[in-house]
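Below is one structure. I have some questions about it.
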Amino acid sequence: MAGNTFGSLFRLTTFGESHGPALGGVIDGCPGGIELSQSLIQADLDMRRPGQGGLGVTARQEADRVRILSGVFEGRTTGTSIGFLIENTDQRSHDYSTIQDIFRPGHGDFTYEAKYGQRDYRGGGRASGRETVSRVVGGAVAGVFLQTLGIGVQAATVELGGLAGQKLDFDGAKERPFFAADPDMVGPWQDEMLKVADAGDTLGGIVELRASGVPAGLGEPVFDKLDARLAAAIMSVGAVKGVEIGAGFAAARSLGSINNDALNAQGFRSNNAGGILAGISSGQEIIVRAAVKPIPSIALEQLSMSRLGQEVSLQIGGRHDICAIPRIVPVLVAMVRLVLADMVLLQRRMGSSR
Amino acid sequence: MAGNTFGSLFRLTTFGESHGPALGGVIDGCPGGIELSQSLIQADLDMRRPGQGGLGVTARQEADRVRILSGVFEGRTTGTSIGFLIENTDQRSHDYSTIQDIFRPGHGDFTYEAKYGQRDYRGGGRASGRETVSRVVGGAVAGVFLQTLGIGVQAATVELGGLAGQKLDFDGAKERPFFAADPDMVGPWQDEMLKVADAGDTLGGIVELRASGVPAGLGEPVFDKLDARLAAAIMSVGAVKGVEIGAGFAAARSLGSINNDALNAQGFRSNNAGGILAGISSGQEIIVRAAVKPIPSIALEQLSMSRLGQEVSLQIGGRHDICAIPRIVPVLVAMVRLVLADMVLLQRRMGSSR
Amino acid sequence: MAGNTFGSLFRLTTFGESHGPALGGVIDGCPGGIELSQSLIQADLDMRRPGQGGLGVTARQEADRVRILSGVFEGRTTGTSIGFLIENTDQRSHDYSTIQDIFRPGHGDFTYEAKYGQRDYRGGGRASGRETVSRVVGGAVAGVFLQTLGIGVQAATVELGGLAGQKLDFDGAKERPFFAADPDMVGPWQDEMLKVADAGDTLGGIVELRASGVPAGLGEPVFDKLDARLAAAIMSVGAVKGVEIGAGFAAARSLGSINNDALNAQGFRSNNAGGILAGISSGQEIIVRAAVKPIPSIALEQLSMSRLGQEVSLQIGGRHDICAIPRIVPVLVAMVRLVLADMVLLQRRMGSSR
Amino acid sequence: MAGNTFGSLFRLTTFGESHGPALGGVIDGCPGGIELSQSLIQADLDMRRPGQGGLGVTARQEADRVRILSGVFEGRTTGTSIGFLIENTDQRSHDYSTIQDIFRPGHGDFTYEAKYGQRDYRGGGRASGRETVSRVVGGAVAGVFLQTLGIGVQAATVELGGLAGQKLDFDGAKERPFFAADPDMVGPWQDEMLKVADAGDTLGGIVELRASGVPAGLGEPVFDKLDARLAAAIMSVGAVKGVEIGAGFAAARSLGSINNDALNAQGFRSNNAGGILAGISSGQEIIVRAAVKPIPSIALEQLSMSRLGQEVSLQIGGRHDICAIPRIVPVLVAMVRLVLADMVLLQRRMGSSR
């Protein structure tokens, strides 16, 4: 209820600040009997690390080693809660005096202070993107569970800095810089990144996610529709400012005759609905898009306010990330997996008793 | 958990099908001591009725009279649960033989059948837009509670059939056809509606919502961010396929230096964030946009599948709505109110103990 | 969260005050495809009425007719939420001036006032035992669901006014006054009732509940143990002040060698555990006992406090119930059913994936 | 939902098996700004260790050092989630061959196997009493929060092996063997312990808990009554088989005129209700009693069943605990604290808006 738990049956509860001793969490509700190894989870976690998915990422070098502490016995889940831990190894003493008493624009400094009357000013504390390591671990476990059911989630970047690609190659995206959906965009995006970096600025982009193998029938009407849960999951990730399902905003500009997905004896003939009708999965591919804003920490000087309410000029030193895109992609995948794992469990007990 | 409850502390639980005897619900968690009259709620419900907000709405004439059954004593809420009921008065026997065994494209027929192994085929059952009457009642009570705190929610249509307006007049929108944000768009939208209606087709649009008076500090990190909750709330409404906060998808095409909302001694100088930073309200206006798809019931002949898996041709007779827009606007307002009421209560107990 | 919802997957949300226009609720999570008729639920509701289970019950004559408003189509549940309503027909204007400003001892008057700063003083409002009609309806639906799985719940009174019986005949109890477990106790209990009634006093008793056909494996460790959920369910009923599972308090006075239920090839050889080990059902009969306090409304003059903090003498006029026992029995049955239905659904999705 | 989370606003989620690498959890919802030191929590944890509270406790020597990993900054809670960890240091390789394929009577072996189709057979796994270390940590944090509000929880053993004391000295109990409420019972209980130990048997007892400083108004009608929540909390602790509030089972044998707590201008004149009326705290002391069964691991030979369904004779070797009592007392205190912290937060936002 205080926001650190996600899901209803397949549940992830997390803790940890960017500069505290460790981050971690508890996965509750994962069915027993599933093969689960630490190395498998580690592989997912490594996808989120700097250097993966190409340029534009943080200089911070965390090993991010996950330890599974419970819920697994003889290589399989037992059905009890799975605790996990990621120690923060890069805890050099830093100088936070520049930002301790200043609200950085675009960050949660002002709002956390307003909410709690205080804040952990070291690197964003709980509001830091670093909390997403726990999401990735939770999502990895959800992914292993989904895999036993033949459900897979993929993601690719379809737009960066306003430059949209044409091709949608999800299989190859995993290996490409930026997780680019279109191989032809890697070059232009790298050029754009360098240009923006030189200008001391940052940029954003759009990520598309696809879930395949999802059976028809997932999603709980009225309020826990599958699309509602996905929207919440995606929007809960720090930099996301927009979510679309299927045709999304384009549907608002379409006609019923075009937007409706007709059926024939073989099933649906198009997928403007993004695999969800009336909040319930149709058995088609689930399609979700997320709008990711530019990283708020820019090298350029900015106008801001101090904790005492005075106008101040702020320049954030050090190396900077230019775009959240490569690192956020595995996080978005994790969130979609967590939603699907939860909805699968919810549906498992909802089937007709007949 | 089975989807018919919304909210954590300020909670709405609903029931009812489009062609059952009645719809209604339970509002739980509304603080005691708040002046609440049935007529006030009725006024909100009347906003959702056909004829309100202009053209393009259903021919069905439900009186939609709400009865408050508990939780109010001597004109004020008591703090206990508020039960309410709306009887379905328009229950003439209909002929459903056309659609009983056919999955209508764009509707939940196929997915409900997949989920439950059966469905109430009369007018969509629980998947019908008619369930939103209960949301409006819940939202009306939430609105009264929010009003005691100086919080108000407004909505206006900013785009219809791909035609976007320029002006944003929320105060006037309430009185205008389509709840149009721009008075100059009423004419063009009416023309577009007639044209599309003549073609046997339907269209969609975009609604913008604004919440003012929202104190800084609402929203629970990490997973129950205010924007995550709003996204779920908006996306849970039937026809919605996309949600944006503040600059939304445009933020993905912007630069950090532009998208960041700078501050000075007077506070924020812009509002690309839509009043939410790191998932917590900043005290600025909350800005949300919803993409509404075209109504799936079109007059044109469509290709579909029967329950037996055969290809069939479907033509839905009778009068048709052309656009969900006017009727959906009060529903979206209700959802934003429900989220804010819930987050206000959550924050009320999270304040610092110092 | 505000207390009017029970259960996690099989959920009951209720509303209604003793002297408001109606009571009712929403049952959410009942699987689809289950045969459900209004008359079946009505039969359960009739068990709770005065005149059932013998002497000592209220003079109030409510017809208590339940209306099912949704979630049932063509005689079967659809899987969507089931709304129901019971109109209060006995709403004669009463004179509450005696109790309006006085806190009745043993009642919730003082605590409701403390909690909400006000209260619906007509007959106890939400704190009245009348709210249990909604529990009985919810429990009836749960009972129908459980029956499809071969699970049944029975109850009988094992002690009244300190007079304990020896026999445990659950099948016959349903037909006997007081739902007496021991037919030989009906006479002595009737005598005791009359004696206490003559003295202007009231009395309590102990009810035992048994659930049979419960499969092994229900209950969620660590905090949602089956016994924990049962204890909460039973203790949530107004007059209950104690709960035991199996041997209960007697186990605290026993030895491990005696209290342990040994097993052989045929299974458990005794049932001191009451069918629950480590919070999970063992497949044996579930055994629960509830201690019911004497009804607080006595004819005798009592010392109390007014809302203004003055000492007052209070004498409650009119006819009085002597014991909650007969009316509370169907309510306790309903609560056990609601718990079991919920735990069945929880377990259904927790099964091993192997 | 899968049972490893306790509470609604002040929440504890735990993980860990008796013989896994570590135990721990996440405390979510603790208000910010509260002074919290690791040593304070450690002190509570030390209360649960062998050697505390006298005889009859396990030979296992775990240091049980807690590490707080998040949610505390500069000595105060920040309002974000508090992660904590207790490493299992006593992980010598054991020989479990005796019990690996046998269901120990009175333990969860049979039921865990039935639930999950497998189990972690090393020392009980998740069903082991060892999981309660996490409860104690959660309860310690809740206790610090409650202390800022003047609320305190005490516990004492009032009966052991059927031998009940007369005196109720809670202040002194903390220092006495068995946390004995009556100093005169320490001797008799020690004698009884030795006698039972010699016979290869075990015994149980009754613990009484008192919460003082609890304001009137805590508890949420109808289903989340304070007593219902307390009953669930207490019953969720492994060995507990019965719970009473106030007069408890004795109330069932009393008369209304005696059981009712009369009021005068100074307030309540007795406390048979145990500080709870209609599920809401009255401002009096909260009184709860728990019946603790004898420890199921006895030295005597027992009859049991193997996993293959064969009758077997079982003798559990090694040193044995004779009674759960001393170690369970701090756990019960923790549970009452967790309930009260949760109910305080729930009430904080429920107050009248007038």
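Going in written order, the chains are labelled A, B, C and D, and every chain counts its residues from 1.
One rule holds in what follows: a residue touches a chain if its C-beta (ideal position, glycine included) is under 8 Å from a C-beta of that chain, and two chains touch if they have at least 3 such contacts.
Since the model is a prediction, treat every value here as computed from it, not as a measurement.
Using the contact threshold fixed earlier, the set of chains in contact with both chain A and chain B is C, D. Using the mean of the Cα atoms as each chain's centre, the chain most removed from chain D is B. Centre-to-centre separation between chain B and chain C, using Cα means, comes to 38 Å.
Per-chain CA centroids place chain A at a distance of 46 Å from chain C.
Multi-chain contact residues of chain C (touching two or more other chains): 1-5, 8-9, 14, 29, 32-33, 79-80, 115-118, 126, 221, 346, 350-352, 354.
Taken as a contact graph, with one node per protein chain and an edge wherever two chains touch, the assembly is complete, since every chain touches every other chain. Contact residues on chain A toward chain B in their complex (touch as defined above): 1-6, 8-9, 14, 103, 105-108, 110-112, 114-118, 126-127, 131, 159, 161-162, 196, 200-206, 215-225, 227-236, 238, 240-249, 251-257, 259-265, 267, 269, 273-274, 276-283, 291-298, 300, 302-305, 309-311, 346-347, 350-352, 354. Residue ranges of chain C in contact with chain A, taken from their complex: 1, 9, 29, 31-34, 79-80, 145, 148, 221, 345-346, 348-354.
Only residues 1-5, 8-9, 11, 13-17, 20-26, 28-29, 32-33, 67, 69-71, 73, 76, 78-83, 85, 115-120, 125-126 of chain C touch chain B when the two sit together in their complex.
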